[in-house]
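Paired with chain B in one complex and with chain C in the other, chain A is shared by the two complexes that follow.
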Partner chain A sequence: MTFTSRRNLAGLTCAAAAGLALLADFALRLRLRRADLVSGGALLAVVFLLTLFNARKKLPFLPLWRAATWMQFHIYAGLFSGVLFGLHSGWRWPQGGFTSLLAALFLAVFGSGVAGLILTRWLPARLTEHGENVIFERIPALRAAVRREVEALVLESIPRLQSSTLADFYEQKLLPYFTQTRFLWFQVAGIHRPTQRLLADAHALDRYLNPEERSLLARILEHIQARENLDYQQARQGLLKAWLFVHIPLTFALILFACVHAFLAWRLS
Partner chain B sequence: MADDLAGIKRPQRWDVPFWSETSEAEASLAAPDVDRLLRLPAFEKMDAARFPAHAPLRDILLNDGRVRRYRAGEIIVRQGDYGNSAFIIIRGAARVVLHPATGNRESGGTSRPGFLPALLRWWRNPSLPEVRQFTARSPGANVETAHVGGPAIFVQDMDLIVKDQRTALLGAGELFGEIAALSRTARVTTVYAGEESELLEIRWQGLREIRQHAPEFKQHLDRKYRENSLNSHLRETRMFRHLDDATLARVASATEFLTFGDFEWYAAFSKTKESSGQERLQKEPVVAREGNYPNGVYLIRSGFARLSETYNHGDRTVSYLGRGQIYGFEEIATNWRDQTDRPFQRTLRALGYVDVLFVPTAVLEALVLPTLPAEEFPRAAARPNGPAWARGADQRGLPPEMLEFLVDRRFINGTAAMIIDMDRCTRCDDCVRACAATHNNNPRFLRHGPIQDGFMIANACLHCQDPVCMIGCPTGAIHRESVHGQVVINDRTCIGCSTCANSCPYDNIQMVTARNPEGRPFLDAATHQPIQKAAKCDLCANQPTGPACAHACPHDALVRADMQDVDRLADFLHHR
Partner chain C sequence: MPPLQPFKFDQSRYERPNQTWVCGRARDGQCCLAGPDARGGCTATTECHPLRKGDRWHCTRPAFQGGACEPGPSPTGECCRAIPKCRPIRSLRSWRGMAVWLTVGAALAVLLVALGSPRAQRWFSPGPLAFAHESLRQECAACHPGLKGAPAAWLADTNGAHSARVHSELCLDCHPLGGTPLQPHSRPAGELARLTRDSLARSPALVPPARLALATLIAGGAPPAGEAVACAQCHQEHRGRKVGLKDFSNQQCQGCHAAQFTSFAAGHPEFTRYPFQRRTRINFNHVSHFGEHFNDPAKKAFAPTTCTSCHRTDSRGMAMLNAPFEAACAACHNDQIKAVDDKGLPFLTLPRMDDSLLDGPYAIGDWPEDGTTTLPPFLALLLSGDPALRPAVDLLRTVKDLGALPKNDPAKIKAAQAVAWGIKSLLNDVSMHGQEELLRRIIQAVGPLTNHLDREAVVAQLPADALIMAFGSLTNLEKQVKDFRELGKAAPTQLISAPGGGKAMPPAWLNHGGWYRKAGDFSLYYHPQGHQDRFLQTWLRLAADASRTANPDAAKALFKQLFAPKAIGLCAKCHSRDDQPGAPMGMVNWSAGRPDPLNHPVNRFQHSSHLSLMDDRGCQTCHAMDGKTGGDYSAAFAPGNSDPRVFTSNFKTMDKAVCAQCHRPGAVRDDCLLCHNYHQGRFQTLQHRTELVVRAPTP
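Now for the complex of A and B:
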């Protein structure tokens, strides 16, 4: 089965489940039953099931279906939970402070999940096509190595070439570029201006260089390109990891608040 | 300072004799009586003085041999299992199932551990990397031991099961299992005890040394190797299936054994890794060339071959052939049927090395083609119409660039290559964490490697069809798991010599420093050098889930692919 046909099948199943839920809710309301209790119970159960995915990931050695199967369930059950939430809240923003907080938590978890889904489908191909793929944890070491290599090139050239053009360029432009980490934010936003500006400055040096220096500058430019790729990889891979630091803690807060809400609803009903 | 560290004796080749790798109950009976063995016909005429001082014949038999006893009907080796040893019958008889061959099913198999053992293993994971529990001053005394060979399988009424099959009886003094042991391939037949029997089982390392130092034994082995391998291979080949025994014997007698390239190809391959595709191609020995007269068919016996066709000023790879595949039959068969004289349509080159059986055209025309069923004739021998660039992909469904990549880098050797779809992989490292969780907190692969068309071949053991890493191992620590054929390392018998790591053409074996539970490295008591062990992916041979990496990938981005199963590989490459 291709991913497209699997997506179509799962999407149809999810839509059918949502349709059934809407019908059931309508039928319960027609019979003047507490439809909010049913939808609330179902929502809590689905949220629990969704949370189990994280537990499953901690136990990869157990034969509890493939993680990819869990992921598919997580995505479509997560989308279905949005329908249940709508039914439970009556498609209105709640009035009480506690329930408002709970609704905000749910929407934050739901929204971060959707954002994560988009990021995990959109970013990997961009990472693949952008320079060398590196392991996230090794990026700081590689970045330091790039800086060391450029520094060594420049230092070695000063006595040999009897010229300070490249050394001045290193001190004034390259060193700040290599030591700054704020450029990561530019990368997150997809802006390459700092690197482009640096490359333009480097090319402007051409009139002051002899052939040997030009060849050295070409090697330095390769290092700038490598550094740019490292920043790109770190920013984008970081984004792929960072959204989970929003999604997972909020999920635990949601479960806690939802349990309190369910207990109160049960005691007061 | 050395006193603070765990000092132990550096492991040596025969610290763990073969006979000790049986269950405790069998170990006392398995220790070979060397004097008795030396009186066997296979060894009695051997000149012990030819053997070097570091590996005398007596020590080889004592340490690389073990005596095994079988009841009548008990299975000794099973077809399809991977063998690391050969057998000599000391007493009794064994029966070889010749034709049609028996599968594995009736003769048992292995099962993976269940839920609770997996949970317990995880619970006991040490928090520090590469922790071992050497209980004595010998590194061989590891806690977890592997019983190479495993328990024997007894099948009630084995004679009844094989009554419709041709069998041959082997008597005392006969040798079997040497082909699989020496060529690192699967057993081609099932052998069971015909009566109460006693056998000497020899590890392939010992067999290799005896072969090296005893010329008469080498001649005997080579003759048997030729006879048995040739017959079984021809019988397995589709175009010869319709032949009766007498005709097949005539074909066999006219068949030539040819070898192209270097058996230890990995050394040369490492040096040419950075060369261009054309340079590499020029260095590959040509088996048969496009445009030449088709003088016979080539049956690949072991190794791999590249099939290419001329494309403007270069050669374009169109496919790769492995064991059991045939080159040249289409041209010869259609020439004979249609009375044409088409030459070879493609060039066949050895990738590293390739062993082929060559059956001349005259033999085929006289003995095979006249009786070949019509449906066995190929439909067309010509190259597909149109220029190669217009066809877009090879006949086996792989994009041309991917095919060149897999062949050039010899990834075609893999039976479980880790392929990651980088357009789906979110770099979450769940695969790495799963690997660590199932291997005492030590990940056994690196999520890094060359990328082609957005697919990465990661630095994880490929579990090669031709595992060259096994060639130099002095103890047999790196071996094939008998049933599924994964290449695994017995940590207990690994002496840390690095031979396997240096031989691996893909750099997928790491040498790690063994540590005690406090995290301090074990040191050789004599030299104070750290004790090292080879470590690599074992394809989660003892996990209930199968490969944990693939099981743990939430995005369906990672598979373990057999490069010979091109259909499945193509499915994965096209599934986006």
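Now for the complex of A and C:
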């Protein structure tokens, strides 16, 4: 079975489950049965099933399908849980304090999950297109290496070229650029202005350099590009990891609150 | 520029992002091979562990860290390049784990603070109560008895405190709904089953609409017969103060019904016998009045000109009430009731007795030579108040002529003597002690009269003179009764003539009713004062409730006499009699139908909302008179018919299509609850028991 057919099948299954849930909720409400208890119970069960994906990753030795299969299930069951939540809440914002907090938690978890799904589908292609792919954990080390290389180039040129033009440029413009990490946020926002400004400054310097210095500046510009790519990779790969800082912790809070809510509903209904 | 990140076994180190701790120098690209331990301690020593080959030590530093160093290991096999110690940092994965614990801890803290807060119940409430329940002030325990006290107590289920049954019973504390409040429509299961059968017999079940059929398929049909329906099943709370507790769709109502349909206009059963479910309480034949009586030139002037001449809406605009007798009927019928001829109701009447047998040992003293042939009902009932006389009265009630007793039946002769002396004792005692004695005798006969109005009505201010005038010819009455009672001595039988001669009382004396006597007999008559005569009304009610009287058969006989079609007062001409449990003769309907504020019938209709919508046909838009029903209508009021459900209306059954002209989807409301009450029956309104304290006078 191809990837497309698998995805179509999973999508159809999810849509069918959502349709059945809508139908069952409609029928139960029409019969004045406790549709909210049914949809709430189903929602709690689905949330537990979704959480099992995390448990599955911690137990890789168990022969319970591949993590990729679990991931697919997690995505479609997560989308289905949104439908169940809508049915359970009657497509209205709850009016109680506790239930409002619970709804906010669910929507935060659901929303972060959807955001993560979009990011994991959209960013990898951009990362590949942008430049050299690097391992996220290595980026700080690579960034330091790039800085050291530029520094070495400049220091080596001073006695050989008997000129301080590049050294001054390094000290005034390059050093702050290579040592600071605040440009990461510009990358997150998709703004390349700091790098472009630095490159413009380098081009403006070009008229004052002799051919040997120009050759050296060209090599330095390559390092600036490498650094810019590292920032881009770190910012975007960071996004791929950051959404989990919302999704996973809030999931556990959601489960805790949902259990209390379910207990109260069961006790008082 | 060459690639920054080579991927070869000898050019690249292995990353372990899942580990909790990361080397503190990794940021500078100078991470050692050993890495931190599990507790975050630095384990770095030297850059390699030299390997001995033969008698030489060789540097084993990997290529991606620069390969074998120039100085190489010491002669004793120690690496010469010591790694400075670092402070390991947490990995991103570890920070995520900490975020999880912090979030769970914060959530737990929020829960504990909320549970310990005095506003815990409000915070955990799923939403505000509806406007109608705002007076509960969001006190959870008012409806959820299990939520009393501290949160820990919520968990304990004492006596099913959390059950739907208990919750519903609390609802019923404020909303009394009759004897079977939690049954569908507050009706017993058996009655519901019968109604369902009747309904299906009238209009067989249709093919249900698709959505209802689908709902039945998924969620099942009606609950089993007899299963209680909790209040919260329909009335869902905590959805905000603006959300109505009675907002149901037609499909929700139909969920339990055997006959399901799309809407009122499409599928709702046609009306059968609507709006009249019973005969009218007052026998007013619209057909005969408008087709016959009002054509009489003498009465034409009294004929009503519009429906509102006789019918007006009640204060709520729901029911149409009838105008009172004085406004609607008196012009033609008042004189009939007063009966200004010399008819009267014989109250105390002496029967004639067989003087040939009632003498000697059976002597009865002075006795009228003429009288009624049988024991009159009033007298029979009054004598039955004395237990000693009751068998004699019963025996004589079957005798057709007391003036000709069977000679060979000493029991009846003896009974006649006892009854004669009983009558004389009654007359003597009443004439000596007045109305009090008569009232005492009546109470003996019909049972206690707790209502002072009844006590006044049954004696109707009987004057002593009327009694003396009627029975004054029995001059030796007191002495004969005294001798009979004290000495057991019966005076010899002697027939005497009636007093007063043959001149009848002029009709003018009877115009306003009261007590009177006729010339030529030993009788005391009562003449009704007009409509709503309290004497007749009270005696009819007491006689109808025969089972509580001393002699039910005598009471029934009296009722039949008073409620005969041509009886004095003509009560039965217009007032119908309905069966009533516990009352052998039923109940006389003294007034036309009035809405009972406590009654919640199946159907309801707001007349006032429709009065401005009618065309030239007016009320007859809906209430079309059926000119062929005059005879059948009157037949329903025949003396033998006391079942109000057996009747023929003067009006045609209403046509559903008339209503559906406006009440259809997209136009005027057509939901079930517009015309039907779910909770049906007669429910008492909530009463508050406020204790009143009588205080001692202050000194």
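By definition in this document, the second predicted complex is superposed on the first by the 269 of 269 C-alpha atoms of A that agree within 3 Å, B and C clash if a C-alpha of one lies under 4 Å from a C-alpha of the other, contacts with A are read in each partner's own complex, and residues count from 1 in each chain.
The rule is short, and it goes like this: a residue touches a chain if its C-beta (ideal position, glycine included) is under 8 Å from a C-beta of that chain, and two chains touch if they have at least 3 such contacts.
Source: prediction; values computed, not measured.
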So in the superposed three-chain picture, is A:135 touching just chain B, just chain C, both, or none of them (first/second/both/neither)?
both
Does chain C touch more residues of chain A than chain B does, or is it the other way round?
C
Which partner chains sit in contact with A:59 here, chain B, chain C, both or neither? Use first/second/both/neither.
first
Pick one for A:123: touches chain B only (first), chain C only (second), both, or neither.
first
Going by the contact rule set out at the top, does A:241 touch chain B (first), chain C (second), both, or neither?
both
Between chain B (first) and chain C (second), which does A:26 come into contact with in this model arrangement: first, second, both, or neither?
second
Just checking: does A:97 make contact with chain B only, chain C only, both, or neither of them? Give me first, second, both or neither.
second
Show me the chain A residues, by the header's touch rule, that chain B contacts in one structure and chain C contacts in the other.
134-136, 241
Touch list for chain B against partner chain A, complex
115, 118-119, 121-122, 422-430, 433-434, 437-438, 446-448, 451, 454, 456, 543-545, 548, 550-557, 575-576
Chain A to chain B touching residues, read off their complex
2-3, 57, 59-63, 66-68, 70-71, 120, 123-125, 127-129, 133-136, 237, 240-241
Can you name the residues of chain C that touch chain A in the complex?
1, 3-5, 15, 17, 22, 26-31, 92, 95-96, 99-100, 102-104, 106-108, 110-111, 114, 122-128, 144, 146-147, 154-155, 157, 162, 164, 211-212, 214-220, 232-234, 238-240, 249, 251-252, 255
Chain C partner contacts - residues on chain A that touch it in the complex
23-24, 26-34, 94-99, 101, 132, 134-138, 140-142, 144-146, 219, 222-223, 225-226, 230, 241, 244-245, 248-250, 252-253, 256-257, 260, 264, 267-269
